[in-house]
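Dumping the structure here so I can ask a few things about it.
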Amino acid sequence: MKELATLWLPLAVSALAVVALLVDLMLPVPPPGGARSKTPAPVVGWVVILGLAALFCVSFFHETNSGTAMHGAYRASYFATYLQRLFLMGGLLGALGGLDDVAKRTPHRQGEFWLMLLSSLAGMMILPGARDLLLIVVAFELMGIPLYIMAAYSKTDAEPTGAGVAPRGWASEAGLKMYLVGATSTAITLFGLALLTGMQGTTKLDLLAATPLSPLAALGLVFVLGGVGYKIGMVPFHMWVPDTYQGASTPFVAFLSVAPKAAGMSVLTSIFLFGLGAHKDVWLPPMAIIAFLSMGVGNLLALPQTDLRRLLGYSGIAQMGYVLVALAANDAMGLGMVLFFLTAYLFTNLGAFLVVHTAAEAGGGYTFASLSGLHRRSPGLALSLLMFLLSLAGIPFVIGFWAKLYVFLAAWRAGLIGLVISGIVLAVMGLFYYLRVLQAAYMTDEGDLPTPQPPPALQLAIGLCVLAVVGLGLWPRPLIEASTRAGVEMMAPLQAAQAQAAVKLTQR
Amino acid sequence: MTRPVMYALVALWTPAIAALALAALVPLRKKGWPAAAVAIFSSLVSLGSAIALFMDRLHDEVPQQLVAPWIHAGSTVVAEVGVRVDGISASMLVVVTLVATCVQVFSVGYMHDEPPAAYGRYFTLHALFLFSMNTLVIAPNILQLFAGWELVGVTSYLLIGFYFKKPSAARAAVKAFWVTKFADMGLLFGLLVLFAATGNFGWDAKLSHGVATAVTLLFFLAVVGKSAQFPLHVWLPDAMEGPTPVSALLHAATMVAAGVFLVVRTNPLFAQAPATRMVMLGLGAATALFAALLALVQTDIKKTLAYSTCSQLGYMVAALGAGSMLGGFFHLTTHAFFKALLFLAAGSAIHAVHSNEITDMGGLAKKMPITASAFIVGSLALAGVPGLSGFFSKDLVLEAVEGQLSNVPYAALMLTAFLTAFYMGKVVFVAFFGKPSNEKAAHAHESGLSMSGPLMVLMVPTVVAGYFGATFAHVQGEHYHFHFGTGPAVASSLGLAGIVLAYFVYGRGPRTEQPAAVALVDRIAKTRLVNRVYEYGFHNVTLVVASGLAFVDRYVVDGLINLLGYGAIEAGRKARPIQSGFAPDYVLAVVLGVVGLAVWAVFGSWR
Amino acid sequence: MIQSIGFGLVALCMLATAIMVVRSDNLIRATLWLGGTLLATAGLYAIVGASFLASVQVLLYVGGVMTLMIFGVMITRRHEGLDVPAESTGGVRGAIAAVLLFVVLAAAIDKTEGLDVLRVTPPTTTAELGRALLVEHVFAFEVLSLLLLGTIIGAIVLARKRDLGAAVRALHAPRPAAEIPAPPPSASGDDDASSKVAA
Amino acid sequence: MNSHLLSIIVAAPAIAALIVMFISERDGANSRLAIRLVSLVGAAISFAGSLVAIRTYDKALGGLQRVEDYPLIPSFGVHVKLALDGWGGPLLVLTGVILFAGVLASWTVKTRDREFFALLLVLTAGVFGVFVSQDLLVFFLFYEIAVLPMYVLIGIWGSSHKVPARGPFKFVWNIFDIGGKQYAAMKLTLMLLVGSAAIMAAIFVLFLKAGGTTFDMGVLANTKYDRQTQIIVFPLVWLGFGTLAGVFPFHTWSPDGHASAPTAVSMLHAGVLMKLGAFGVMRVGMVILPEGARYWVPVVGAVAAINVLYGAFCAMNQTDLKYIIAYSSVSHMGVVMLGAATLTTTGWNGAVFQMVAHGIMTGLFFALVGLVYERAHTRAILKMGGFANVMPGVAAFFTLGCLSSLGLPGTAGFVSEFMVFLAAWKSQHYFWAIPGVLGAFITAIYVLRATRSIFWGPGPSHDFHDLSDAKKTEWGAIVILGSCLVILGFWPRLILDYIDPGSVEYLGKVLAPVSALARLP
Amino acid sequence: MTLSHVLLLASALFSVGVYGLLTRRQVVAILLSVELMANAANLVFVAMSRFRGGVSGQIFAIFALALTVAEVAVGLALVILLYRAHSDTRVDLASELKQ
């Protein structure tokens, strides 16, 4: 029972999934044929939202920061709690943002969507505490497979199409591409894990570093890096990202672009920092190269984009490059700043996608033109977009500034100077396209698009994001202290152990 | 604070307050006549305190000064401002305030037709000028002198450009400022060198020979510009575009003399640099002769006087070069009086006939007796006719120059004396005698009291100043005793000869053609060689460099930055097709990425 | 020795069938070849003494996956018999990548010491496996069940085509001649949307 | 109240901006007036506060006074530590003056005035923050806040006058349909942020090499960094901040940016923001990295000398009024950097004085240019002429600005330029003074040419029918700035007395023998 | 027969799978190739477990098997969607989203 208490957050999310399913089943089934034109109310969606909100709040009153469960497969920690809250918040915001879109686009299969979301979320909730590679893989798939389904969920193009124009199967294509790359990555991950666990003789993270790495194990390790990197959208495993972002329904993409990435980062952290931090010399150079490539390719390819979703997709690739830079620092501060950055990124990117979605819904599609005159049509929305863009670009007094600053500082401190310098330069380059979006929203006023009228849930989601981005930007202290605490908690014992091992090695 | 210092401060600040009040109280200025009243009142107060100061100096020879730190760096005072009261500043102050007061009073009548706003602006600038000039005159160090020096330059610029609607006036103003500003760089560099050597801006430092020469040469460059010496004299004739009273005050009596005053003031430095003094002597004499020749061929009465000013400044510079501080300074003083008188008289005549050309005048002596007599007295003084002030001071100059540099400058100055008398004679005979050349000249009449009054006032020092040479010298702490030797005799005879010759050439009715010698000079003068050199330099060097650099800025510096942006964006565009939309390509990227990673894992140097 | 011969045979089978899977021109046949590969794998499991795995492989994998695959092929064909082309292009590209990958893998195996073990550990009992599965890894097992539940529901929601009748009615509904021909109902990805049109 | 004066100065514009954002625009003229009044009050509070701050600064005591310390992220050593030093006072007052005048000068902004004033105030809050920050990271934070709003301000309210991309690669910008002000805004922002990137890298090194516990600039300045580090990091700081100070060859954002910016923005940008760059080089680069500074000053000074002359020559070739002023800013900022490079008290006094003097002067210039442009609808000086007939006041103040810019005694420009030239001549690189003085002469040529062709000559042609002299609030702006120029010119000690202790103290750190510095881990 | 032989076999199988993955144009055929790769991974799991001891490899293999099946199910659902949109299941039909 005590073990279950340790696991209560993941279990609660799973339970919520079941509840959602049951509620959906209890809803009256619309009669076949005629009377289906009326859109059913998003009941399940609200259940999910309220449930997630409640869980998020309760998680502050009932923190389980220690204890292991399930034969050491799961270990609670502040690190895990931090990330779990992050996922809950991501799920909550994603649900708020997607509520009306789901109800509008797929009115008669809403319940299943929320089930998928919660399944995915349940997978995420397990990941940060999982201490067994087997559990990690299963939870990772639990998170991943529903995402394919959600990506293809609306089946058609997210863009409203005119009369007589064939609805394009963009959502299907988005799902399919994500799936094909994802399935490949899964196979690669499994193959790598087979080599790694086989050579190391264990699936337990804590024992993984006990044996020196053989070339085969190292090969397995980098296979895992590649396989997990797909979910984060690291270059060169990123190519599904822009296509899926463009094709899938945008509120879902808002969720997809932040929460699974954070989860992926958590997996990378678990395997590489907690598991194999002692063998840093194996994975650091590839990770550094991948970080550089992600920053470079992401920023470079975002420059000429004309579709806002693709632009944000590439920008997300670059942002993950920054996180990898901090991850590569492989120390307490680095980990803390990874968490901090992921938090900042969650609010920022989610908010940006939701604003773009809201503007596009009012007309003009997801092009720059849809933002034309936004400052006049909806000053609040434009201001929110401004805040998100500033945060993405890393400009002061919004949270993104601190995130980028500390990510780079942590990496610099760890000696990754070349990486940081290239990161800073590429970040400045990236400013170009953020400014272009800003320009579209604030400096053009052509055409006569209607005023965007986001539904209340969407407004709430955007409002929460703005509040977080600005509020935490002005007063980052609690968040920084929390993330640092999480980082120190996990990394300090490891570093001490590694230092001890090094001393032993020299004594020998 | 001692009494003399207080006089000096009053003399300094009264015009300053007047200028400030006129600048700030817009309605007062825009109304016109109150501005004149305020300015003239301030000048009178200034004049009064100047005279009081001068009187004080007659008894007290110990210089006094009051300074306050102006710029400091740490505990070191870099620069001070304040007033210095001694013979030189007291004498100069009297000259400046007296002429300024006369000119301002004269202007009340002369500028009468201007609209009230312009009228007010005119007097505001006059008050500002007086303040600036006083700043220069009573400066306790060369830095403050430089400050005043620049300020008078600016007021000169603004007053030359008073009729700013006339493009020629606008050009002349800017030209005057550029030329003097160019020369002022010499003074600035001189200050830098001086400060580097001594750590202050005083003029009584003992310098090494090299430094002294460098400093004084640099100073002299500024003098050449300000006092319109060859080859930087080009701005002065153009500056006649300004109102005539302005020409009288700034471009004849006081501002242009500031250069000479600088040398007088910093005489201790110049005394240490014989090489510089030789340059001054040569250049001064050359300018005197050169300008006199050019004055010969002018038909514009103001331009004649302008070249004459150049020429007389050449005298002063030559005297200073010859080592006679007193000679230069005394000639400055007398010249200020008679040249101001000449200009004002010319202004009166111009006011009457609405033309600057002497050929448009004629016979004015009968119509305008006061003006004519003033002009004639001034001309005689300028020509060095014995008994008038110019005679004494010019004599002092010649005496100093005599025997220097194989007597070449001496001869040149003698010749200049002759030419001076000749061209002044020409002006007098053509403009004031004979028959009126046109309707306007025929109906000219004497100007009102505000104009004729100052003429009469100025006639007094023009006549008598020479007799106060001893007093003047006494105030400077020097001695002066006039004795009628060969030099004065020759000079005054040459002067008389010039007048006589002028009578024979010009005094007997209008001429259609010039004497051959004059015509030759005229043809040379019309080439405007010096001006053209400058214009060529400006258009073909400065502007070419500027456009070259601007091109570099546009196309190279900025171009490179655009290239960077271009490179990044174009790279992004070129890379786009990699994202082909074809899923197997994406998978290929994954596989190749994994293979790359695997290569590192297997063959990498991590062990 | 016998083991080695057996291994050799099975390996040969496995590779041959695998190559047929990726090279066969007929999709149905390729699917069947995959069955061969999986069976050969099961045989190999048996040879190395993982008998439980071998049976699971045969039952679940060969049975389940094969059926699913053939079902998938058939449902996406309009009665063209068994002659379903499985196009492939870019053979050189693929071959280069595959060979590169193999070379790296082989090099890693070559460079790693201690892989020339002949000894096969005593056969694992099913009970042992069961204990590991349901005790040690029970949480993962539970998570897996959630995963399978979610997947099945998700796959059904994606694949099902609700209210086909309405869509067909929409196709045959009278419409203005000038209008661009409406897309076939099957192309309309969102059944709900098309049903709305019908209503 | 009194003990939080600096925070009030910094916060007042920010709070005013916030209030402005919430004023409803629906109320027509009333709300327009309210927006302006709130902005003006915010500006006035800061201005008054800065005057109080400077008046109560004990110049005999020197050093940091009015220290306020609010921990922001204490675990990483980030404190919002505000304090006034000798340099801060005059620069605060400068900012206050320019902001006040800027609000007055933009009284007639027509479109989207709410956002305009809010951004203007936010920008100024950043500037105030930089001048009083004693924590390097907060310094940088404020710096960024000051730089960024410029993009929007230029992009939206910039002149519709075409500022075309230039050079052989201009077509690039056309591809993206970024012409005119957007081009200028983008270039400005990107170049300045590249500079910020360099600064950020430098901050990392400074922070980590000092032990990684604090960003306090006082502590960092007492840290002995090894020579190698200093030599590597100093150029980063110099070029990073220098980009904003218009250091050649990273100045090209300045002409385009200033030319397309609206009046008040040009005033603030050229008047105050460019000073942030020079201030940063001196306050961060030279004080914290003395050895690096000593190593690099020959280059810094040489580049500054190039700046002076190069900017002046480029200005001479322009026919667009704003370009002239913008290039003249490049030239004058060269004087600031030249003064800084002399590493003498006189030079540093001159440099800081020049920041103030040039700030006021260029603020005046841009205010006037804005007036002229608003009425004439062109900035091509060759098309103008005789404007003095209809706008005598503007002409007079423009002339005053010109005179200050060419270093006329009696104006603030002379004091600073003279100090700088004096220091340059006395430094080891006396030849630096030569381009400096020449630059002043070239300045005389081009400013007077411009004055002549705009204001002098026969009356304005018929193309200009709505010319008129300055009006109510506009007078306020130009009279304040103009009189500051003259007052400071005549009595420089009004601010020199405050600058001086700052220079002495900081220079002491730069020139102190190595052994005298405390050694920190 | 040693472990390295089995591993070589698995590697070969994996590489063949990759070859198919890259060359096949029918989505179902691609899924088959992915199955080959997953199968290779399973082979490694089992072989490692049997040659080096421990049961976790085999457990892992069982889980991997289940995961693969789940993935195939979703994959086929997506294939059906593709077919509905284009009446065919060639992967290049799904290439509207690009650049």
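All chains are identified by letter, namely A, B, C, D and E, in their written order; residue positions are counted from 1 within each chain.
Methods note: a residue touches a chain if its C-beta (ideal position, glycine included) is under 8 Å from a C-beta of that chain, and two chains touch if they have at least 3 such contacts.
This one's a predicted model, so the numbers in the text were calculated from it and none came from an experiment.
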Chains contacting each of chain B and chain E, listed by label:
A, C
Chain whose mean Cα position lies farthest from chain B
C
Of all the chains, which has the CA centre nearest the overall CA centre?
D
Out of every possible chain pairing, which has the most C-beta contacts?
C-E
Using the average of all C-alpha atoms in each chain as its centre, how far is it in Å between chain A and chain B?
77
When the centre of a chain is set as the mean of its C-alpha atoms, what distance in Å lies between chain C and chain E?
6
I'd like the Å distance between the centres of chain B and chain D, where a centre is the mean of that chain's Cα atoms.
36
Rounded to the nearest Å, the gap separating the Cα centres of chain A and chain E is 26
Chain D residues counted as touching two or more neighbouring chains
176, 190
Among the residues of chain A, which are close enough to touch at least two other chains?
134, 138, 141, 145, 148-149, 152, 155, 169, 172, 175-177, 180, 184, 188, 199, 215-216, 218-219, 242-243, 432
Going through chain C residue by residue, note those that touch at least 2 other chains and give them in order.
90, 93, 97, 101, 104-105, 107-109, 111, 115, 136-137, 140, 144, 147, 151, 154-155, 158, 187-189
Throw together a list of every chain pair that touches.
A-B, A-C, A-D, A-E, B-C, B-D, B-E, C-E
Show me the residue ranges of chain A that touch chain D in the complex, using the header's touch definition.
375, 390, 395-397, 401, 405-406, 408-409, 412-413, 420-421, 424-425, 427-428, 431-432, 435-436, 438-439, 442-443, 476-477, 480-481, 484
Quick one: in the complex, what on chain C touches chain B?
90, 93, 97, 100-101, 104-105, 107-108, 111
Using the touch rule from the top, collect the residues of chain B that touch chain E in their complex.
576-577, 579-584, 587-588, 591
Quick one: which bits of chain A touch chain B in the complex? Just the residue numbers, please.
176-177, 180-181, 184-185, 188, 215, 218-219, 221-223, 225-226, 230, 235-237, 239-240, 242-243, 281-282, 285-286, 297, 300-304, 429, 432
Residues of chain C defined as touching chain A within the complex
104-105, 107-109, 111-115, 135-140, 143-144, 146-147, 149-151, 153-155, 157-158, 162-163, 166, 179-180, 182-183, 187-193, 195-196, 199
